[in-house]
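Report on one structure; see the data block that follows.
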């Protein structure tokens, strides 16, 4: 088994054994989405208007919650510096960890979206687009949050800072993703923003690990 | 990699301190002169615009502050990158000095944009204006940079971590800007006068450009002044600083 | 016949803020050689070891491993340096066996895991999560990983602290075996007498 798969498998195994921790962001997602109708209006027409936006922003914030501590555990028990010294390039290690946490924390979130979307009276034909947009946008999102997590890895209370650093940079994902979903809702062509999301995902996965590795090296010193 | 001699000079704090000290009076004088001329020309002399009335005169301040804000971020990112790659402390000093200046310009851009917006759109804030959105996100990026720096006690760590953040940010800025512009084209808002379009009459274009030059020089004047302060603070135990203090008497 | 130089330091210096921990450090560490770092607590032993391992950057000077800078080793040399500091480097939610197997695969070590468990008396807890182990068992597990890599340079920060006589003897024996096989080692310790042998490099901070 190559190093990437080994690290991926290791992180998945650890996540399964700490299932309580892993499911907290998912519950957070559901709770936040449920709070909006209380704050706005239970009227189906209103919900349909805001549903796309509410789901996207809530998904963003829940992912932030799930990933901002991505490296802290490994930094605290010394396994991060062991991986840094190992023959595995740090970029690969980082990519494996981001992938593992995307599988464990973000994918289940996306799986919950259809049910929640229907509760917001969003039409069925919008769902495939929304899922596709989320699947394309979340890798970039995970990489961005991982950059924030790496920059703050050596800080005791770094978690809240990650949001401040990273959220402005997620604006394009939010824009393209929610617009694509809206196009889907109204039956308009969605290819444009989806392609843009895909392009961003490819760039993020290719370039992100460089920044993440650099930030970790500074943090671990 | 081998570097040319002037590069090494640029990395020497005493040299830069002295050089900047000689340069700043000229920059200051030039920028104030340009701002005075352009300001008077634009705010007083230039003819009133047909559609918007007097308030259009913000054209001589708002876009310039927005542009300088963005330039400041680029300066911050380039300086941080140089400091990170070649481990030049002075480059980090430039980056940390540029940050609050850039943040202030971005905030000014937002404030002047709001002043413009009130009579034009009827509201202080128009979320759908791409420039406002871009500028707001830019301000957040500056604030994030400053917050990150503040979280680290070790100055070297703070320098290098914020350099990485600045480079990541500068790569993101065009993406953010494009996405916001695209987003705006989907929302047919009231047509705002396009700044910088060829339809600016020549008698407005000249003071506009003078203000661009004036604000740019103002930024560099502020930067070099702040840089000298930052150098003194970082090098306060060095011999050359003590010699300077003694020479002052 | 002298062994080739493995780790070379020239004019190494580390500053932490205003404080100079050490400067002007020069040494050549040959293969099969042992270096011992002594000094009072807080003098910078841990910092020096982390710099030698490539985890921290020095403020000045050069540090090379077989000619390549330690901070950025070429692909073939990656994994040549093993560092054991105060942190275990073990995942508490994985079992002893899972941790050791992971380490062996990642580091490319060829030693067998089972005999190691026997030697370190970890057979009964092999399938227990590290979280449930005693402190001594956790330390022994962390130690086991040393034998599961092909690292040529061992950098050990106070390896004999909190070990009983048997544990200390085992470490010393392992270091001896490691050196005999061509490896080099740098050890920070409060008991330099345990390591005194002819040819040992002594660094005092």
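Which chain is which? They are A, B and C, in the order written, and residues in each are numbered from 1.
Going forward, contacts are C-beta pairs under 8 Å (C-beta built on N, C-alpha and C of every residue); 3 or more make two chains touch, one makes a residue touch a chain.
Given the structure is predicted, the values throughout are model-derived calculations rather than measurements.
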Topology of the chain contact graph, where touching chains are joined (line, ring, star, complete, other): complete
Of B-C and A-B, whichever chain pair has more C-beta contact pairs: A-B
Length of the line joining the C-alpha centres of subunit A and subunit C, rounded to whole Å: 37
Whole-Å separation of chain centres (CA-atom averages), subunit B against subunit C: 48
Distance from subunit B to subunit A - Cα centre to Cα centre, in angstrom: 32
Junction residues of subunit C - those touching two or more other chains: none
Residue list for subunit A, restricted to those that touch at least two other chains: 221
Residue numbers on subunit B that touch subunit A, as the complex places them: 84, 133, 137, 140-141, 143-144, 147-148, 151-152, 157, 160-161, 164-165, 167-169, 171-172, 175-176, 178-180, 182-183, 186
Parts of subunit C lying in touch with subunit A, wherever the complex brings them together: 50, 53-57, 78-79, 81-83, 85-94, 98, 102-103, 105-108, 129, 145, 149
Complex interface listing, subunit A residues touching subunit B: 147, 151-152, 154-155, 158, 161, 164-165, 167-169, 171-172, 175-176, 179, 196, 200, 207, 211, 214-215, 218-219, 221
Touching residues on subunit C, where the partner in the complex is subunit B: 16-18
Complex contact set, residues of subunit B against subunit C: 154-155, 237
